[in-house]
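I've put the structures underneath this note.
Below are two complexes that have chain A in common, paired first with chain B and then with chain C.
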Partner chain A sequence: MPTWQQLRDVKLDEYSDAADGWGKVSSRANSDKDRVDNGMFAKIHHSQKGEAATKAGGDIQQLSRNYQYLHTECGLIRTALNGLATELAAPQKKLKQALEDAENLRFTVKPDGSVEYPTDSLVLSPGTHTAEHGAPVPLAPGKGEGVGSADANKGKAEDIAERIGDAVREADEIDSRYAAALRRLKADPGLEVSAEDLVDAAADTKALQQAAGKYADDDRIPHGKSATENADWWNGLSQEQRDEYATLYPASVGALDGIPSSVRDDANRMVFAENRAQIQTDLNKPAPNQYIPNPNGNYPAAVLSPEYKQWQKEQERLKEQLKGSDSIQARFDATGKENLPEAYLLGYDKEGIGRAIIANGNPDTADHTAVYVPGTKTNLNNFDEDISRMTDMWRETQKWAPGESVSTITWFGYEAPQSVVTDATQKDYAYDGSPKLLQFMDGLETAQGGPDNSHTTIIGHSYGSTVVGDASNKGDLAADDIVAVGSPGMLTGRAEDLDVGKDHVWSEAATSDVVPAGGKLAGLGGYTWGVETWNGVPFNAGYVQTVPSDELFGAHRMDVDTSGHTDYWTRDSESLRNQAKVVAGQYDKVNED
Partner chain B sequence: MNPTNHRTRTRGAALGVLLLCLTTLATGCSMNDTGGADDLGYTPTTLDVEKARTRTKEISSEIFDMIGLPKGKTTPGGAGASTCQEDPEHLFMIRHPWSVYDVSEEELKQGFERLRQALPAKGWKVVSYGPNNSKAKSLELLAESEKEHFAVNAELWVGSTDPKKKNLIGVTVASGCFRAPEGTDLKGLY
Partner chain C sequence: MALNATWEELFGGSAPPGQPATMTLAGVPAPDSGGGGGDANLKADVGPWHEAGNTAGELRTSTGTSLTDLDTANEGVGGGTAGFASSGALTEILGTWKTRLTAVRDECGRLEGALKSAGRDFGERETATQRKIAAEAPAPARKEG
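Entry: the complex of A and B
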């Protein structure tokens, strides 16, 4: 319990100055971590091979983890000290006011906080008395015990004693809260940050979120607001406030569409690293007792204990989660390999089928941006290909756009259906997912500084294109071009009805692709009045369902099969090349039907 | 072929393969996507990933030399490895896309012609050459190596006066599928 003297004398700006110091260390650790993640890995790939590369890579990962830990923990210390200083200001002020009042009334405040006062009465004999806080509540200062015969000073003294007591109590509560949080933030000497340490860091963050609730509240972070509102909020914060929110509430900050990509990346990587450490730590938990005597007879003599079965199930679940984590980590580790650009983790969630949004190259400053929306069965447990599709796209696009910067993004930001159902519920996934896509695209546009700053292409694969179609129907999709690959339908009858305008819609020409037919069965196409043609030959007319590969839909139908024949120049290569030309804005160069 | 019949036939046959196809991650799948490595039409050679990558870049270098524009700038993107759909746990391929730019249109045209002429002597069969199906009708060539499992695709882009949309010769050297050596983990391949 602090004394009132301590509360009076504490220099709060010493705490905030110390906080600044910790903040600088935290920021510095963050920059260093970026250098490790983006620079050093690249250098390894250039100079080391084989086992040397693996060992060096492992060392670099350890270094990255050390910096991550420093960034988080020092950031938490900064926030704890700032919170302490800020919250103590109020009771300190109250105390000082009470002390000033006592001085003006010529009362003496005793070391124990009680207040000595001279009698001020017409009827009582003169003397000094002591009022303590906690005395029977004075009705009003100076009006304690009857008019006239009252000691006018008694009430006043009691009031002052009460205010002193309150201030000290308030300070004590604040002090205990922050002391508890700070006590956690101690490191062993010679620390090599292990997975367990990062798990601790996550717990420390949670603890400080509780303790610093009044100082830095999650509620102050916008939730469910537009990208512009998010950006406005962020722009209104001081740099220190930004650091604090990002360190204390990394998941909330990482999800904010509209704020700079590097900020989201830092915050999401914090959550990702802590999460990864949690999975690894949990996987290391030893198995419980494996066998128990068979309770149901002698054969078999022993059976698996229920605890063991539970542990097994848990291990299976964790291994699945680890796969997703591994995929993302593998992308991080590949930065710089063959000039692969920096990765920005713009979204991450491990729950359920997971979510991940990964950009190759910073979209905020890109001349050309591509956003890929994957389709049915997308799942974080099997995510390598969804990432590499966009790294391949990055490489192909930059070839067509020399001197310009390119960013390609894998957007797994919606609940993708995990199986095909051919009834109406299939559309629900698009209905639910499209607002998130709209918001994300708005966020990109805001972070880029406006609609004209980057030429943006959305590439919807399979069911992903249905989400894109619905997004276009629901709102104003912030994109310049839409590519639909293997589309079962876009819930839109004609290309011209999509937000980008007819000339900016691209699909792949149908070959023996069954997806479009299946899509129509599920009702994922759109309806329009028109004449259906095949290679220009009409075969049907009326109010018909169309999908993007139909001629009637009116999109540019890009070639998928080459004019020449070779085993090594595959349909995939041709498809990638055409899509990349659209991403690069080189429309007249696309091979189309 | 009667378009109506085709549509009915597609729809009828589709249902059986529909569920299989729609649940794959393929860019779009055809009714032929039922085989594995057998579908390739050739037997993949076993080769270490980094060796394949190095070989691909060597070929890129040879192509660059055939074009003969040493003063031209080249884009920085490197050679990427990715798994082959036919057997993603064992098969991989390398793709190296790059372009030559910042030389005059005339030089680009000459460079492209030099490439076309030099390829056969270096063991490449030019499978197709001519204006392609784009609005710009760019000259495009596709060549396949007679000795190794590699293909080269090149396009000539000229006629742009927009400084942001550069004239260039765009090349992609793409390997066929290789089999990774026993025990190689192809997850997280870039």
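Entry: the complex of A and C
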């Protein structure tokens, strides 16, 4: 416990100066991690050097994990020291005020914190007396015993002693709290960054969130606000504050639509690495006793224990979560392969069917951006294809946009229906998902610096196009083009009703894709008055339901050379090429009806 | 030494836990033992392995700067903050991070050497092949007039 003299003399600048040093190390580690990933791993991992590349790749990935670990932990130490200095300033100020008051009254503060004061009270004995902190008093400190005395010194001295004591006690509480948090933040020896290290890092983060809650509070981060409000908040922070929020509350910062993608990526990757490590360590937990004596008789003699059944169930869940994280990690590792640009993780959640938003190339600076909204049965435990559709889209679009930068995004940011159902709740998934899509698109536009800075296309596949349609119905969808692929309907009857305007609505549907017809049965189309045609020949008229592949809907019906509901992104296919041409803004090159 | 054996040595075994990374640094062959002449170096310098090695070298410097930053930043803490438990805690953890940063810095140094050496091995063969092809190919006929 510090003494009052130590509290008076403590140079809080030393803590904030030290914090600056740790902050520099943390930030440097963050950019060094990018250099390892992009300047080392991506360079050699995909070279045709087989075994050599594999071995070197392992070492380089370990180096990358070290920088991520340094970024997190040194960043937390920085925040702990800043929190300590900031919080200690209050009791120090309180103490200094008390000492100044004592001096003005010509009282003496003794080494033990008691206050010596002169008195000429008629009640008290003449000479000097001492007031101590916490002395039993009948009434409020510093008030009671002064009553009846013509001399106010006793009361004043007691008040000062009380304030000195309080200040020291407060300082001690703060110091102990931060000391405990700091002690947790130590490095393991060696070069390994094990799953346990990362799980510890996550626990350290939580512990510091508790300890430093007064200094940096999660509540100050906007939650559920618009992209513009998020961006305004972020822009109003100093660089140090940004770094602090990003390392202390990575999940909150990573979710902020409207702030720079590189910041969200760093924060989400930290969350991702820690979650992945948690899954791995949970999977390695030993199984509980498999059998227990049969409680219902002696045949069979033993039955599976309830704990074991629970553990088995848990293992299944964890394996699925691991599979999801493997898909994402594989995309990270693929950077550099066939010139694939770096990935940006703009969202991740392992719970339930999971969530993941992954960009190929920085969307903030892209000339052309594509956002793919996947459909029914999308689940993080089976996510490879949702990622590869957009990496293939990136490669194809790049061909049609030479010299321009392209970003393609897989946006799995909503609760996708897990089975094809035809009941009324079918629409609810779109109703719940569309506000999230609107918010994400707003965030993208904000981070890009306005609507004119990137040509943006939304590609809705299957039920994803229903979400896109509902988003357009409900809000102002920040996009320039909409592509509906294998669409069961967009909850709107006409292309012209969509936010991008009729000329910028595109459709792809294979003749063997049964989803557009099925969508009508489910009522996911929209209704409009008109004449239905097939190859231009009228066959029905009236108030009819339409889906984007219907001629009456009025979208550009693009040529498709793939079959079925799921092959629209096959490499070198007309189906993929036509979408890419739209994304690249090469409208006149699109082959359509 | 066969290429695979070189690789075994360069990247095969990680240092046993607790051993400083500099132990493996000694396993990196001296620049000349890779067999590449200065000429080959120059050509291979633009290859991905050399680029990766150069990045490792820059990271070695960068991580060294971090070590210095930590020392400088924490210098005043002990004297100016007597009586506070946090200062003791900071001293405790500072040592562990300096150890980690030193290990990371040394690993960058090791990788710089290993990657460049690998680049020389690959580059040397490529350059040799190119030379061979160039030597065997007939000189391109000059179009006259």
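One rule holds in what follows: the second predicted complex is superposed on the first by the 540 of 593 C-alpha atoms of A that agree within 3 Å, B and C clash if a C-alpha of one lies under 4 Å from a C-alpha of the other, contacts with A are read in each partner's own complex, and residues count from 1 in each chain.
Rule of thumb we're sticking to: a contact is a pair of C-beta atoms (placed from the backbone, for glycine too) under 8 Å apart; a residue touches a chain by one contact, two chains touch by 3 or more.
These numbers were taken from a predicted model, which means no experiment stands behind them.
Novice: So, on chain A, is it clash or fit between chain B and chain C?
Specialist: After superposition on chain A, chain B vs chain C: fit, no clash.
Novice: Mind working out whether A:186 is in touch with chain B, chain C, both or neither, as first, second, both or neither?
Specialist: In the superposition, A:186 touches chain C alone.
Novice: Regarding the shared-chain residue A:553, is it in contact with chain B (first), chain C (second), both, or neither?
Specialist: Neither partner.
Novice: Could you work out the angle between chain B and chain C as seen from chain A, using CA centres and rounding to the nearest 10 degrees?
Specialist: Apex at chain A; the opening toward chain B and chain C is 70 degrees.
Novice: If we overlay the two complexes on their shared chain A, which of chain B and chain C does A:440 touch? Say first, second, both or neither.
Specialist: So A:440 meets neither chain B nor chain C here.
Novice: Once chain A of both complexes is superposed, is A:338 in touch with chain B (first), chain C (second), both, or neither?
Specialist: So A:338 only meets chain B here.
Novice: A:508 in the overlay: touching chain B, chain C, both, or neither? Say first, second, both or neither.
Specialist: First partner only, chain B.
Novice: For A:412 in the superposed arrangement: first (chain B), second (chain C), both or neither?
Specialist: The answer is neither, since A:412 touches no partner chain.
Novice: Would you sort A:107 into first (chain B), second (chain C), both or neither based on which partner it touches?
Specialist: The answer is neither, since A:107 touches no partner chain.
Novice: Of the two partner chains, chain B (first) and chain C (second), which one does A:572 touch, if any: first, second, both, or neither?
Specialist: Only chain B; A:572 stays clear of chain C.
Novice: Is A:392 contacted by the first partner chain B, the second partner chain C, both or neither?
Specialist: So A:392 only meets chain B here.
Novice: On chain A, which partner touches more residues: chain B or chain C?
Specialist: Here the partner covering more residues of chain A is B.
Novice: If you take every C-alpha pair with one atom in chain B and one in chain C, what is the shortest distance in Å after superposing?
Specialist: Distance of closest C-alpha approach: 16 Å.
Novice: Which positions of chain A sit in both the chain B and the chain C interface?
Specialist: After superposing on chain A, chain A residues 49 contact both chain B and chain C.
Novice: In the complex, go through chain A and note every residue touching chain C.
Specialist: Checking each residue of chain A against chain C gives 1-3, 6-7, 9-11, 13-15, 17-22, 24-25, 28-29, 32, 35-36, 39-40, 43-44, 47, 49, 51-52, 55-56, 58-60, 62-63, 66-67, 70, 73-74, 77, 81, 84, 175-176, 178-180, 182-183, 185-192.
Novice: What residues of chain A sit close enough to touch chain B in their complex?
Specialist: Chain A residues touching chain B: 49, 326-327, 329-331, 333-334, 337-340, 367, 374-378, 384-386, 388, 391-392, 394-396, 398-400, 402-404, 419-420, 461-462, 485-486, 488, 508, 511-515, 517-518, 521, 534-535, 537, 539-540, 559-560, 562-573, 575, 577, 580, 585-593.
Novice: Provide the residue numbers of chain B that touch chain A in the complex, in ascending order.
Specialist: Residue list for chain B touching chain A: 3-4, 6-7, 10-11, 13-15, 17-19, 21-32, 40-42, 50, 53, 73, 75-80, 82-83, 85, 88, 95, 97-99, 101-102, 127-128, 132-136, 138, 142, 144, 149-151, 153, 155, 157, 164-166, 168, 170-172, 174-176, 187-190.
Novice: Quick check on the complex: what are the chain C residues that touch chain A?
Specialist: Against chain A, the touching part of chain C is residues 3-4, 7, 10-12, 14-15, 17-18, 21, 48-49, 51-52, 55-56, 58-59, 62-63, 65-66, 69-70, 72-74, 76-77, 79-86, 88-90, 92-93, 96-97, 99-101, 103-104, 107-108, 111, 114-115, 118, 122.
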